[in-house]
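Each of the next two complexes has chain A plus one other chain: chain B in the first, chain C in the second.
On to the complex of A and B.
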């Protein structure tokens, strides 16, 4: 065990044990441990294998910012073991290594492939022969990537939600600066939200000697009414909207003012084998020791460019870790106050030196320390110092990404050799380390300034707030400047062979890869980034942006300022796609009769948003029942609109190419909707119930769009009418077949005889005691009644019709048999047989367009032109003598073998004993008996064109 | 893109609550020439500046309304039902909706 004595401010509860499994073996942890801290306490150093070379990797910053501790937790891949708090019984597995973390056969890609797998290797190598790429891809995919998604996931296993929060001030980052800003703004009466990605606010000071101070501030913030969201990383900045991911919730936070207190990120040093497990950031080593009381190692060496490493040396020493030596790149380190303290503690201080190589195979066993020249080459004696932890610090880089996304400009600051963000006057205020105020006191004051500044900008606090702001600004200026930090070399090395030096641990990018990208011509940082994928991994450049810029500068001989910085883009933290998707607010729709379909054994499939009965196991038999006796289909999915008012008829005249206003009450007309370009957008029936009321049906998938279309024109025209969408409010079923009249008559007092209710009559009547609208229409081609009723009675009506139909041999039929039936009649399905280019003229519906209509209507001008110049293709029926059912989308060839049209529908019809379909064919061949060639999958077939319905072409049955 | 819009009926909501109907264009009053029809059907002015446009409160009351928005900054100058919309300024090149 490497658990330290109780540390002040530790997060673990030593009185409670939590058990979980790692790769099948039991692990004991304390409550409050993370997966990685518990495993580290047990002695595990390797947490993952790297992306490309499968090198053993550990956790470097203990904040889960990189890919080093990504694991599979309870089946979910890519979980950050360094920040995921242990839960009883959780199942943790490693990823990206086979057969185990400690022995991964793919490590050979590191040993053998290193020199041979530069960036672009796969694209350049696996090109020939072209046909073999799918094979290569399969093999490469199996070894690439991090973690594996489960092949199947139980539906709705994980629900995600959006939460929209509007507030006065959003503080991003819960360190001392963010807390101070939140307290200052809330103190002036602002509604403040503070988001932070750790399990508690406090930031770096939690592990760096200020836990009491920041925890007190967090309490103060809560007391001031600040809403604090923990484990909630901000993902980006979108025109003032900041999405914040927290567990299963995506908070969409819109604030009037933003305080960016995102802190600074400690940077790694670049030297040979700088990725060995045991190499970690100095702040990471301190977090491990301070928060979870786990000793990073028994003997440590520290390499630093500034005071951070010296601080870490003293802290680790105090926690009980033996610190052998501290290499501080600053030549004057010994003369500094902290340097003296380090030496006083009995730790060797090596000024002007740095680490040039880490020793060891599966973990650090030693560090090679030397003085280096500006390029990083060792100049003096190489000293090997044994150690099992090597803590490094190349200073910090301000976490400017979110600020830059808000429109700030990046600027290179020569004094601190870092890229800063110049925040323009606007809705964003920067505070703390990201604004260059890294020391705790300075960060606190700068936070107060930002919080007051935001409050004053919102007009809160009045003159006293303004006075306080001025005072705090003065205080900030009076604080001493931050201690200097040395600029590390792009690549420190000992001149010996062997060892890789990584500038990006996530993506396995070495200094050589950057040099290679420059040699290939990708010599700007933006191009090099795209070529090598540097900074594109899970850490989003947190540890790789500055090292890659330094590496490119070194290779090209340019300065850091000349190389510049890549564009900051969201997401700043990795986030599951499911959290971004949120919960779909278009829930699955089921008709009022859905349970009956289930009981009847229906095959239920998606049809748009609807769950629909596709068939009841025997589509051809169901279709045959409609011909022979009777069938019933649930058509509740049809869009249903009521258009009511004195202008209703005139309104519909303007929207439909045919006449509607002259329809008599109680009669029905088929209608096709066209766009202004004359293209078919939807179809359905229009029934006139009385002088001022029309009942309009639309296609199932077009209901919403047609309602929007109607209400939009009504908003423009403002005629005297109302449009009501009753799609969900009304159930509907189509009773069809020669026996349907007898069945319906047995349930209603209304006269539904051939004379009493003619084809295209609409009658309001009681059916089985339910108020119904009966539309006599014939989509199936047989005698039929479409019966609409209030949804709550849908199931009763269905039951009554099924019961009454039993002696007549009624069968329920699904969507598939209905498709066969309508195909026999060449009734089109909009969207199936037509597309966004189809006009009524091409779709054999020219009879419906009344260009002689007095009134103007939508699409008229385009249709007038379409009427003048015939379409190149036409929609026709066809039959296939040889029994082949062509796939929908099969090409229809013209005489020269060019594809001019396509098959849109095709089915086998038992009634007709042949395969029939609909297709767009060259206009010249759109005549009865013409032969067309259909081609798909390299085969060709001959089909015979038919422009009249296959079944009952005169329509005698539907009118009977 | 993210900003707030005020539905004349329901109040201020995220833009994702709404459907966009595009810039307001005027439908020809008389039979247009082929070129005019093409322009009306397929071309938009696509101004970088303030434009009058249609919106629908898709996830709310379902009403269509008008707005003037600066396409460069997404600043919404006003929203109103067609009845309450201000008259077009003389500088506007377009006709009425």
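On to the complex of A and C.
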């Protein structure tokens, strides 16, 4: 039984039992236990198997910083058992071991696999024979990774929430520094949010004798209005946005000021078998005892480089753990206050010594202690001390990742042998251990300074806050410095064979691996990191960055400062991909008529950011209906701009290569927009509604770009006009076919006869009681009317037209039949038949370019040059005798067989009984009847060029 | 008359055809149990059976509100704050562009006017959890000290260009492009539903004052 007597400040509630299962076996815990503390209390010591070597691993720090106790909980993999509080009925399973944690077959990779799995082995192995790769891949996938997802989608689904939160001050870290900062800032009237990754704020002091103090501070913070988010690790720093993951909610917190009180992380010592279960951080051993009243072991040895280990020894001794010895690397340890206390407690103190090897197989059974030289080699006598827990401390490393992500620079501090962050003046304030103030009182004052500093920077608190800030700064400077810490060797060793010394427990990277990477030429910290994957595991370097830098320094003979530190990147804490994906809703535009398309069984697909009806089940039949009777298509997605003002015509003259200002009211003109380099960017129609008002349509996907283009130039030219985007304000439908006139006439009093409404007329009239703008234009090649109305009336107008059209055989048609129809007329689709290099000349639209226009226009100079130098290719129509439709993008070959053009559109036309398309062909072949060769998928086909529309080439039908 | 084809208000002389203006969220409101009523030519979700969600958070489809864009000779009000006059919200978006929402406004004589009623859909979100609901899909800072009543905030709403207007304490008017109507309802219903709220009819909205004094 390893449960201790009640500990002051413990988290467990001994009056409430919680039952869960681990690998199918029942476990009894107390409310407040974590999975790992409950299992440890039951006697379990192995919590996981390591990533590569499948070595048995225990929990190291009991704070969730490492990955030694990742387990599968209720089907979710990768849960940190050391911080996951037990719930009734939880189903917990081990990961990454078979058949069990205590006996894992894959341990063979540790015993025999070493030579086959050096760093970067995946670049060198499993390559021969090549055809065996699918087999290798399958095997590697099954052994790689940690944890398994449930097979059924329903078991993998969970709801994520996104929550945006603005505040004045965000405090990251709920230790004594963070709490003090939050209280100080809130006291000046700031709106403060504090986030902390533990189940309650308080930080290290919760387990190190300060629980009453920090819990009182937490209450004070709440009373001051601070919003405290617990079990809420900050993931990164993105230009002032800090995402925080809590439960199933991703908080996106935007603060004006940030206080980084992220603390410092205790570091491991590096020696042979430093990964055995039972080897843990000294602070971890204290947490286990103080928070969950679980004895780390029956007999302990502590190896330390500073006061942390001595403190831990005294705490464990007081909790009833037998501490055999404390090896303190500092030669003067016995002369220090804490050293004297340790000895006074009857604990053997070994100054100037450290652990050089841990003994044991599935758990630690002893420690080998010795004095070491500067390189870590043991000198003098090796002493074996039996123990079942080996608590280590190589000092701490400030948790600077978030601060560094905010733009701070890392700096090596020789006095403390670690990397600090120099925080520039800006929106981030560092407080507590991360700023170098580890002692509780210093951390508290440091936090108060940071909080006041943030408040004053926000203009809160006035002169009194500034005075208080100045006083607290003085207090901080007057506090005594922290006691010294010895610099640990990169690798303490006894010189004997056998065993591995790990610098990264997550990734199973040893000191030998670091040396190996240097020998292969990856001798900088960034290269070595990528080659060995050191610091890239779930703990993101919390326990491995400093040891790996020391190891690299030792191998290369460089100083730690020269080696430097790797770039800090998010996420700092693990987060499920689903959390980042957010709610599963994709912005989709739908026309006012969309429900009718659904009801009619349309195949709906994306067209840009719109959901559109592609067809209603019979695209060829729908196209044929337009020829035979009438069809109706929803074209509400077209871009629609109102350009209005005395200079509206002149403005459009400057933007289009053809003339617009001479358009009469009530008339329509086709327009092609060109860029400054004369390339086609969009097309559409321009209808003049009155002297000063033009209604411009654009392609559906180009609406936003054209609006931006217009407003950009207007910002420069400042002509007398206004531009309004009414794309979503107007619904539009194209009624086309020989019966379209009758259908329309039955719904309107306006004269839509051949004489009453001519081709390219624009008329405003009521249709079925709806105010409409009717544009007589033809994209389909048949008599047609494009009817625009207020979008709230779109559905009713569609219904009325469909009802009126029933006796005439009207059918709705979608994008796909429309593509067939327009292809028959060789109407281009900008972006499909043209690209960023297409000019009107190449696209058979030379007639639209009016170089004799008085007004200068965008692209004029380029078009003048293009007119002088014909392009190598031209856009033409083509037909093919057989039934195969070439893929869009198929190459068009020149006479020498080189690819000089491509097919842009191709369809089978039932009306014409053949395959037709458009393609860019060599200019020399751009003549009626010319034969061109189309090539795709290794085959070639002959097509016949046609430069005039396939259907109704004279346009008699559209003009009827 | 030139831009009459953009104006969905009822017109005389429609004859036997009496078209109904519909919100892009109409189908979803009906599916959620709305009782629809014809009002001023619109099919309006007047009420819903069930609890009064506005005690937590309710959202009402107010897409029928008239929306006029004025350009040029606008009131010249500073951006960031709307004014309420004549039962309408006057929302300056730029120094020369203003959106007038609701009421029966009389635009200044020198302004160019375009009816954008159909271009935007609108929801009113109301209740103690209104801000928390909006925070689920919008990053605009709506804390009262940053966006007080009459605060006007164009910005990204559910990943689309939109406008948020604080109409009263715990009451916000949200506008996005009408083509996003179905999507917006889905997003808001999901957010509000998770917090214990739901759709309400327009009759459940407390009336707003005809005018508010300038701040």
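The criterion applied here is as follows: the second predicted complex is superposed on the first by the 560 of 960 C-alpha atoms of A that agree within 3 Å, B and C clash if a C-alpha of one lies under 4 Å from a C-alpha of the other, contacts with A are read in each partner's own complex, and residues count from 1 in each chain.
To be clear about the criterion, contacts are C-beta pairs under 8 Å (C-beta built on N, C-alpha and C of every residue); 3 or more make two chains touch, one makes a residue touch a chain.
Quantities reported herein were computed from a predicted structural model and do not represent experimental measurements.
Shared-chain residue A:873: touches no atom of chain B or chain C. Once the two complexes are laid over each other on the shared chain, residue contacts for A:730 go to chain C alone; chain B is not touched. In the superposition on chain A, contact is made by A:240 with chain B only, not with chain C. Of the two partner chains placed around the shared chain by superposition, chain B is the only one that A:712 touches, whereas chain C remains out of contact.
Looking at the shared chain after the overlay, A:164 reaches both chain B and chain C.
Legend: residue contacts after superposition of the two complexes on their common chain; A:252 is shown touching both chain B and chain C. When both complexes are overlaid on chain A, the residue A:72 reaches neither chain B nor chain C.
Legend: residue contacts after superposition of the two complexes on their common chain; A:573 is shown touching neither chain B nor chain C. Put chain B and chain C next to each other and count what each touches on chain A; the higher total goes to C. Note: residues 164, 252, 254, 585 of chain A belong to the chain B contact set and to the chain C contact set alike, using the contact criterion stated above.
Chain A makes touch with chain C in their complex at residues 159, 161-166, 191, 252, 254, 583, 585-592, 594-595, 610, 642, 644-645, 689-690, 693, 722, 724-731, 747, 749, 764, 766, 768-773, 788-793, 795-797, 800. Contacts from chain C toward chain A in the complex involve residues 1-8, 11, 13-24, 27, 42, 63, 69, 71-72, 112, 114-120, 132, 135-139, 141, 143, 145-146, 158-160, 177-183, 186-187, 190, 194. Residues 1-4, 14, 19, 21, 27-28, 31-32, 34, 37, 40-42, 54, 56, 59, 62-65, 74, 81-83, 97 of chain B are the ones that touch chain A when the two sit in their complex. Contacts from chain A toward chain B in the complex involve residues 164, 238-241, 252, 254, 585, 676-677, 707-708, 711-712, 715-716, 718, 861-862, 864-865.
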